[in-house]
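Shared between the two complexes below is chain A, which has chain B as its partner in the first and chain C in the second.
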Partner chain A sequence: MAQIEVRNLKYRYPDAKRLALDDVSCQIERGEFVGVIGRNGAGKSTFTQALLGLVPNFYHGAYGGSVTIDGQNVRESSVDELCRKVGLVFQNPFNQVTGSKLTVYEEIAFGLENFGVPPKEMRRRIDAAMELLDIAQYKDRAPFDLSGGQMQRMALAGIIVMEPEVIVMDEPTSQLDPQGSEDVFRAVDVLRAQGKTIVMVEHKIEKIAAYSDRVMLLDEGRLVAMDTPRAIFSRDDLAEHGVVAPTYTQICRQLGVRSADGLYPVTLEETRSLLGAGGRGGEVR
Partner chain B sequence: MKSISLFEEKHSFLNGLSPETKLLYVVVAIAFPALVGGTVPQLAIMLLSIALLAGSKILTKSKPIIAVSGFVLLTVVIVQTFFRGGAYTELFRIGPLVARREGFDYSLGIVLNVFNIIFAFCVFVLATKPSDMMQSMVRRGISPRLGYVFVSLFQIIPQMTEHTSTITDAQRSRGMQTEGSLGTRVRAFLPLISPVIMSSFTDTRERSIALEVRGFNSHERKTFLDEFVPSSADRPVRIALLALLTLGVAFFVLRIVGVVSWPR
Partner chain C sequence: MSKIDVRDLHFSYAKGPEVLKGLDFSLDGRSCALVGQNGAGKTTFVKLLKGLLRPSSGSILLDGRDIAGSSVPELARHVGLVFQNPNDQIFKNNVLDEVMFGPLQIGMGEGEARASALAALELVGLSGHEAVNPYDLGLSDRKMVSIAAILAMDTDVVIFDEPTIAQDHDGKERLARIVRDLSCQGKVVISILHDMDFVAQTFERVIAMAHGEVLLDADPRSVFSQRDVLERARLEQPTTAQLCHALGYEELFLSPQEFVDFYRSQHGSHA
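Entry: the complex of A and B
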């Protein structure tokens, strides 16, 4: 059984005229990294919030279909119950700081304190998360004194320490510089290697192409397609859905270079390997 | 962005006392002089507060509080000295204004009283870590939500102030006049305040979800990363404070029945 099962999910925000999610169905396996892409207003953030039951439990509105995590229907569960299983990281790191803690170390401990985790265990988990996200050097700094990138990694650490099986991230790198984004993706890759299921909304297509196992393409609340990055970014109708393919894919499309299965490469490595194998000369820089 | 919390960890005598004991100190510092009467107890407790703050190396942190309240109190002294009604004894004269001894004495009483309260609160606020305060409130059965509101204000207010300043800069960069005459400022107010309010609503909603997904409403019994353990001095200090309060109440009763008196 898939870890996350979404069946005919429909949702409309209170006072909105159109559906934010319109008959979305999908399955996400344990340990999978699923990238969610689409233009603004496609329903990506709403989808992430539906995974944690915030839609409709927090936002209310009209809701149909079902979302289950390990067989547990999110609509029938409280956020308090679900957040032990599903962690959510938001786009804006500033709004994730609780404002009640004086240091980064204490800030990361917030969720653990709420769940009654013993202090010794808290410290073990916090130290491991800070190490993973390379923020141990900021542990005594005030949370609001951090830069956007550092603050986002602190927010991610605050979720990781709660050891959820699923980590849902809504544009976690939107306010980060390239190095900060890469750091977050590497950390997420480690989490995936540890068996965590990752669902990430992201506009940085190159990163999604490189790290995701599968990509969900949403448009106007509908699930257009869910497939491997190569299959998604090889689609001819991407532009119609407001998505631009990775640069390597665009180059290969222009050159008419595709692999034996008819799909275009999406990463530098794939492109290099394909062009090298095809004898088209030279390396791609 | 800095927290407006004035707390600073100095590992001092005051830091070692529990928040409840420091709160009891505030109560005693205010109640004892009121019960006993006269300026001597007031002065003595104020000096004790100053000595405690100095001993904990946080006296300088009280400067901004004293500066702000000092300015307000100065106006009280001026008004009372020159304009207090009733019969008066002339101290000195500045043109048509007569400085009155009765008004001056009265204002000094107010100043002493206010400074005593301020220094007592400084003992509590400057030496109590907000999270220790929250821990103490939760242990006493107060809702963590209330504790959170109390503690988070110290950091969220400066964040909102900085956010407002960003919006002001953004509006100014688009040619809006935000400084100048009163009329200009009033005209600038609306275009500034609406994005500030709207973004505050959005931020608050997102922050409340962020708290929710970190188990803020969990029904588990909360634990704390740093369990606050009061120093060995906490209990004797608390007993001494309670004894002083009892003494004050006893003196008050005896004074009411006319057994003792205190020179005012």
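Entry: the complex of A and C
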């Protein structure tokens, strides 16, 4: 059985006219990295909220279908049970900060304190998370003195230390510089290698193409397709859904250069090997 | 056309380390992207331009006049700054009031402020949302409200702090059009950005900062050709430029179309 099972999920926000999610069904396996893409308003953030039962338990509104994680319906799980299983990194890190902690270190410890984790174990987990995200140098700073990018990494660390099996992220690198976002994707890759299930909403299409196992394409609340990055980005109808393919895919499509399986490449490495042959030879570094 | 001269600008917060270590350049009608690692001093610099912070030493001249002589309200007529986090900026109960607030504050009449606000909302694609509470909008639209609120003030200088956050493809295209329009109107447009593809395809000039200093200052093609310097500053090249490098090209292309045209010219029309 898949770890996350979404069946015929429908949701409408209170006072809204149209469905934010319209009959979405999918399965996500344990240890999978699923990227969620689509234009603004497609239902991406709502989908992440539904995985935690925040839709509808917190936001209310009309709801149909079900979301189960390890066989347990998220609507019927207690907040405590669910927090141990699933962590959510908010789209806007300013909304995630508690506002009650004086240092970054204490902020990251907040969730663990609520779980009653022993201090020694807390320190071990916090040190490991800060090292993974390269934020140890900010540990004594005040959370609200951090830049947007630093705060985003702190918010992710606060989730990682709780060691959830599933980590759901809504644009976790939107305020990071290019190197910082690459660092976060590498950190997430490490977590995936540890067996964590990752669901990430992200507009950085080249990163999703390079790191995710499968991509969900949403539009107007409906699941348009869920497949490998190469299959998704080789579709002819991306523009109709407000999404552009990775730069590499755009170039190869225009040039009519496909891989042996008929799909277009989505990463730098693959594109280089396809275009480099017969070219002038590439420098590898 | 307005002009900003930055002269030997130094800044540090309280007794902390120096955040800006002597910036010296002029900003004119060429749209300018400010890039650099988190913590490079970009946001501090634009807060100084807006008069929200005062230099430790050095000066900023707007059309030849030192802005140190102007109060924040006086400066607000000339310099608009869109905050990184729209929640830091937005406080009214509906979109129209929010966007009219700035124009009214700088002395526009009610009718003029309304017309200006409606035009700005059209530019950012939010016509028809005038009565909505900004906090009922998603982050991407709320960001557009904060942009409209500054555009409506019709300032000579328009500064954006990471405008592409949470924007999808259509949103970015819209922002690119706004930047080009403002620049064509002769305004000084400055934007902090981390999206190098957007920078390469939208701006006329790129200033790369690191540790409070200017590392590179030139047109996008020149700046993005300095791969080694960019790497040291933990910056990356636009995606198409990375492909050029990986293929060992001497030429540097900034958009997929430029690359495709070149590749075809090298490999014949069958490619």
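Keep this in mind: the second predicted complex is superposed on the first by the 275 of 285 C-alpha atoms of A that agree within 3 Å, B and C clash if a C-alpha of one lies under 4 Å from a C-alpha of the other, contacts with A are read in each partner's own complex, and residues count from 1 in each chain.
We take it that contacts are C-beta pairs under 8 Å (C-beta built on N, C-alpha and C of every residue); 3 or more make two chains touch, one makes a residue touch a chain.
Treat the numbers as computed from the prediction; the structure is a model and nothing was measured.
Enquirer: Overlay done on chain A, so just call it for chain B and chain C: clash or fit.
Expert: clash
Enquirer: Thinking of the overlay built on chain A, is A:166 touched by chain B (first), by chain C (second), by both, or by neither?
Expert: So A:166 meets neither chain B nor chain C here.
Enquirer: For A:79, using the defined touch cut-off, is the partner it touches chain B, chain C, both, or neither? Pick first, second, both or neither.
Expert: The first partner, chain B, only.
Enquirer: For A:122, is the partner it touches chain B (first), chain C (second), both, or none of the two (neither)?
Expert: Only chain B; A:122 stays clear of chain C.
Enquirer: Looking at the overlay, what does A:191 touch: chain B (first), chain C (second), both, or neither?
Expert: neither
Enquirer: Quick check for you: in the superposed arrangement, does A:21 touch first (chain B), second (chain C), both or neither?
Expert: It touches nothing on chain B or chain C.
Enquirer: Using the touch definition from the top, say if A:92 reaches chain B (first), chain C (second), both or neither.
Expert: Both partners, chain B and chain C.
Enquirer: So which positions on chain A get touched by both chain B and chain C?
Expert: Common interface on chain A, chain B vs chain C: 92, 94.
Enquirer: Please give the residue numbers of chain A that touch chain B in the complex, ascending.
Expert: 52, 54, 58, 78-80, 83-84, 87-88, 90, 92, 94-102, 105-106, 109-119, 122-123, 142-145, 155, 158-159, 162
Enquirer: Using the touch definition from the top, list the residues of chain A that touch chain C in their complex.
Expert: The contact residues of chain A facing chain C are 38-41, 45, 91-92, 94, 147-150, 171, 174-182, 203, 206, 242-244, 246-248, 250-251, 254-257, 268, 271-272, 275-276, 278-284.
Enquirer: What part of chain C is in contact with chain A in the complex they form?
Expert: Touch list, chain C to chain A: 36-39, 43, 84-85, 87, 138-141, 162, 165-171, 194, 196-197, 234-236, 239-240, 242-243, 245-249, 256-257, 259-260, 263-264, 266-267, 271.
Enquirer: Please name which positions on chain B make contact with chain A in the complex.
Expert: 1-3, 5, 7, 129-131, 134, 144, 148, 151-152, 154-156, 158-159, 203, 206-207, 209-227
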